[in-house]
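Have a look at the structure below before the remarks.
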Amino acid sequence: MTKTKPRIGVFKFASCDGCQLSLLDLEDELIALAGAVDLAFFPEMSSHMRKGPYDIGLVEGSVTTHHDASRIHEIRKQCKTLVAIGACATAGGIQALRNWHDSKQWVSHVYAHPEYIQTLGMSTPISEHVPIDFELRGCPVSKHQLLELLSATLAGRRPNIPTYSVCMECKRKGNVCVAVAQHVACLGPATQAGCGAICPSFGRGCYGCFGPAETPNTVILADQLLREGRAQQTVVRDFRSFNAWAWPYRQASEKARSL
Amino acid sequence: MIAAIRRRGYEVIGPQVKDGAILYGPIQGIDALPIGWTSEQEPASYRLKRRSDAAMFQYATGPNSLKDFIHPSEIKLLTAERPEGAFRILPNDAPSPRYAFLGVRACELAAAGVQDRVLMEGRYGDPVYRARRGNSIIIAVQCTAPSGVCFCTSMGAGPRAESGFDLALTELIGAGAHQFVVEVGTQLGAELLSEIEFSDASDELRDQAREASRAAEAAIQRRLDTTGLRELLRDNFDHPRWDDIAQRCLACGNCTNVCPTCFCVTVEDSTSVSGETAERWRRWDSCFTLAFSYIHGGSVRVSTKSRYRQWLTHKLSYWHDQFGSSGCVGCGRCIAWCPAGIDLTQEVPAFRASNHETEGKT
Amino acid sequence: MSRVIEPRKKNGTIRVDYMARVEGEGALFIKLKNDQVQDVKLKLFEPPRLFEALLRGRHFSEAPDITARICGICPVAYQMTAVHSIERALGITVHPMVRLLRRLLYAGEWIESHVLHMYMLHAPDFMGYRDFVELARDHPAEAREALRLKKLGNQIMTLLGGREIHPVSVAVGGFYKTPSKSELEPLADELKRALDIVFDKAKFLAGFDYPDFEQTYEFVALSHPSEYPLNEGRLVSSKGLNIDASQYEDYFTEHHVKHSNALHSVIRGRDCYQTGPLARFNLNYSKLPEVARQAAEHCGLRVPCLNPFKSILARAVEVVFALQESLRIIQIYEPPPVPRVPFEIRAAAGNAITEAPRGIQFNRYTFDEQGLIQSVKIVPPTSQNQKRIEEDLKNFVPGIVALPIEEITRRCEQAVRNYDPCISCATHFLKVTLERE
Amino acid sequence: MTLSAHRDALDPMLPVAVRVASVHRETYDTCTVVTEPAGGALPGFTPGQFSMLYHYGVGEVPISISGDPGVADRLVYTIRAVGAVSGALINRRPGDLIGMRGPFGASWPVQEAQGKDVLIVAGGIGLAPLRPVIYHILRHRTDYGRLILLYGARSPRELLFTKELKHWNAQRDLQVLTTVDTGGGANWHGHVGVVTTLFDFLKLRPERIVAMTCGPEIMMRFVVRQLEAQHITDERIYLSMELNMKCAVGFCGHCQMGPYFLCKDGTVFNYAQMRRWMGRREL
């Protein structure tokens, strides 16, 4: 059975490039991957950029400009399966903090000539613009999950990408819970697994870079943190980082703020 | 003693201080033990504390248990290869580790007994569990320092271990004397003991050991009334308390992971990029995950309420139907390690206080 | 995406609308008149993410995590510069072992980032490939070794920081957790192996055909009395600059130009300058360990090297340095008593410069008595090199103007890549537009 | 039980390879896959048991055995493609290998039903696990009284085993009534309505009936109601339940329904066992 190799396109929006770099960080699998798929459009790696359509589109980054807001529609048309990779693409990224502010003022804070800068007032996830087929979470995505998604797609199986909490992975790893044993704030119970519970393994609380876990319990967690005596503004900031604009995190930060 | 066990080709798993807790892990020698340490435990809180003496075993159980070793959190079950079209299944026949557990408490032995019934004594046996369990040596230490979350006395699981060990020690620290009273449980235990220096314990020492256990028993304040518990939870399926708990429960799955009797797993099949090899892994699962009850079209237990209810009712009620005992040994781990501090010994009485039987309603 | 080439003899425009093999989004625009370059613009249109603004009101302890997200290729550079600025503000001195571990983490990033650029982004230019996959097909053994070397850099970062991109361990005052000696030791064998084969690799790179192109540069780099610079040192230049980080803003200034979302940085009263591997190599040659100097010799790289195309060789030398430094650290490491030193929070301001793989990065932080950030300034290397890249092109194009336009375009891109421009950092991808009038 | 003692010693999580002998399309999304041994013999089974079928690299799912228990060395499965694994399985071709564990689970009450009238009520793919009962009774026809099959599907194009249904119906001692939930369309001249509406056409002798039902849970609940209305006792009503299953041997915990593990205590239960549990939301 000879199959034609699926064509993959990698597209960038407002981002740090870290998520697509994860592909190049697959040192052990990169050559096999390039054998199994056709990396038809991946400018960060190749100047051989070919036109669509693509079987799988991996989109990194959030939408922050008018041009990008229309470009994502073009990309959607070109891709059979569209996967949003990373917190920027799935939730708007850290740059979505502007969504609570007047971004004009922010631009002028960074640039001497704000009039040269074209940007929208909001940083929004890909799914707010076009329908997406799958989300890979994380800031950055886990390269193992990225590989799992591609391998599963090639084999026609469901990827093993769980949506439960970081706690599940943390416990499997045999970590000692940092929230209980060190009384540090940890977003693990409300954050989706996938990273391998890195932060608790390093003795610190999870800061939520994989975004909300399957059944939102962020408000309960925010309440819990406040009950433990964490300052209100700190709890607001806890939920306002790389996935700040993801709805359950937003709910939690707004609830904490409104108290 | 540790050396004697290691000579026999066992890996010694004993208590040690790591990352702010006393937990089981491989140890090379006696100085790895939590000498002079104990813990203070409350709902959602575990704190290491210094003691004024050089006690080795004066602490209550930590976050992990024998389960972490005999029912491992992740294990590869098989590898499949596909050389041209056909495929071959290769079992994972990595040799099973031989563990010697040191410091095991009565509640942990009871918990291992519960897991034995699930994974070994039914119609099918889990070969992974069977091999690891069968291969292990157990050196229990009678619990003389229960914590604030312990309620083994209510569950008939402690604090004193009467069987299930090869050797059992009671640590006695008196003025100037640091002694261990040893009970022999098996022939293997007797052989191990013969390889070290010991002398017959005086009646007085024996009394002291028994007294230490009695004191531990008295120190355990937490209670869970088990009368009619099986029916109570089963028949209060629609009790409003479940909704109340759901307002506090994070559904994170910590309680199931730390519980020494929780055994649920999931099975994940995966493939390499080239598709030439495939693997099957088994991982601890939890009734708190959505995927746990997924059938085509959606999950059965969507609400947090239904998932907490499944957990508690399984533990305290269905378990009796399934395995002839409670699924809880009163170790208190789920209380201490729940980040939200949900405490089953506080929840259960609420069901008793207002019994809303659902019996008959369908 | 589109590469629009409008060949008109003598006059015209070269446009590379979307430059590949660079990190981020940029374009290149070159306007020619009678074979003379009229205008060169390196446009960085990566959408701005406004980090300096979003950091205001955050606690300084969050700065290492947040600023890492400016760039997925050199997150450690941001983390390091941020913690150094904050520690300088608060007068925190870290444990010497923590200092070493930070050097190790940074060395890991240098290895990863340099190998990525040398083999995956830049070497294809020299060898006439469109990408690393093509290179790997013809040179499988080289490719395998490159990947293995890159992986080693990533392993160092993962070991110290949990993952290669946006590591999680860096904290003000030290680390959230420091490794045990036995955790680091397994890296030593792989490092030794890498050092054993690295001369061969250097030869492979030295064998490339380098354009004959030299420029007079003002090289700017950190300089430390006893070490090849990573985290610390005074800022020096080949034209006599010698300042502390705190004086940076007195000497350097940034212009916001219309065609770019990045700010152009220049030395006040002078002009553009070059920072990065070539600058460091030229200014700090004597601090290189013996093995790195031998590697330089092996590939014929001598001080001063004024050919920007040879920056790939300077990177190779720096990889050797980073490998050797990593090995040295692993061998002398003993875990510090606590992973991070305690400190008191107060209102303060501080700044620091560290050497990112692509060159110096400057940060200035001010925060209030609760530690909430009031203002931040971040000057990443690519924006500092941006003007210099344009200058290089202005001078490079006349020498190749007789070539077919596709070839001019290709070479211009190659010249831009000499700087390994990280556009995500500079804020922002590359289009080459060459216009002839 | 078809599981010999020595199986215990084997790893119950390890599939054996079996060969696809043939694949027959039943409906647009359902196929019957016949498997044969690929070295060694296939185990026997009793009606109602299921296997865990593994597709290389895609995964493993529980599938009931739908073939004739009287035929040795063939295990037959009728699979509806709803997702990745089921979809991959029906695309296998003769000669391909698939992995199999089992058979597992309890049997329909074919012993208890001897001498009684058997009423089978099936919905959709639920007919697959019940087909072995029909085969068994037809093979041992004189051991049983009347045999009635009520079968419903959502639409005519979803009816399984249509040729066999006709063939069975042609037999004097087997009553087959078929219905579709909706529409029907031009080519459908049969009954329209949910399967329970077929009860109107029946005259049952309640004391002689053993009922077996399989289909969506909601359907089974209505069937039970009908049967109760006809005074058929809980102990004579059998149903087959379905929940997520990862191991089929009682280790994974996923298939728990109240006090039961569907995989080892069922999946066939009588209604006396299920009465308390069926219909509890989010049980």
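Labels for the chains are A, B, C and D, by order of writing; each one numbers its residues from 1.
In this section, a contact is a pair of C-beta atoms (placed from the backbone, for glycine too) under 8 Å apart; a residue touches a chain by one contact, two chains touch by 3 or more.
What you see is a predicted model; the values in this text were computed from it and never measured.
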Task: Most centrally placed chain, judged by C-alpha centres - done: A
- [ ] Counting C-beta pairs in contact, pick out the pair of chains that comes out on top.
- [x] A-C
Task: Distance from the mean Cα position of chain D to that of chain B, given in whole angstrom - done: 39
Open item on the list: Can you work out the whole-Å distance between the CA centroids of chain A and chain D?
Closed with: 43
Task: Length of the line joining the C-alpha centres of chain A and chain B, rounded to whole Å - done: 36
Task: Centroid distance [mean C-alpha coordinates] between chain C and chain A, Å - done: 25
Open item on the list: If I count partner chains per residue in chain D, which residues reach a count of at least 2?
Closed with: 57-59, 83
- [ ] Provide the list of chain C residues touching at least two other chains, using ranges where the numbers run on.
- [x] none
Task: Shared-contact residues (touching 2 or more other chains) in chain B - done: 269-271, 275, 278, 291, 302-303
Task: Touch-based graph of the chains, sorted into line, ring, star, complete or other - done: other
Open item on the list: Following the definition at the start, I'd like every touching pair of chains, please.
Closed with: A-B, A-C, A-D, B-D
Task: Interface residues, chain B side, partner chain A - complex - done: 18-21, 23, 44-48, 62-64, 68, 73-74, 247-254, 257-258, 268-275, 278, 283-284, 286, 288-291, 302-304, 336-337, 339-340
Task: Touch list for chain C against partner chain A, complex - done: 1, 18-25, 46-54, 56, 58-59, 62, 65-66, 69-73, 75, 116, 120, 124, 130-134, 136, 143-144, 147-148, 150-151, 154, 161-166, 168-169, 171, 175-177, 254-258, 260-261, 263, 339, 413, 424, 429
Open item on the list: Help me check something: in the complex, which residues belonging to chain D touch chain A?
Closed with: 57-59, 83-85, 87-88
- [ ] Over in the complex, which chain B residues touch chain D? Could you list them?
- [x] 77-78, 80, 82, 85-89, 91, 118-119, 122-127, 234, 237, 263-267, 269-271, 275, 278, 280, 282, 285, 287, 291-297, 300-303, 305-306, 309-310, 314, 317-318, 321-322, 359, 362
Task: Of all residues in chain A, those that touch chain B in their complex - done: 29, 32-33, 35-36, 147-148, 150-152, 154-155, 157, 160, 162-165, 167-168, 171-183, 186, 188-190, 203, 213-215, 217, 220-221, 224
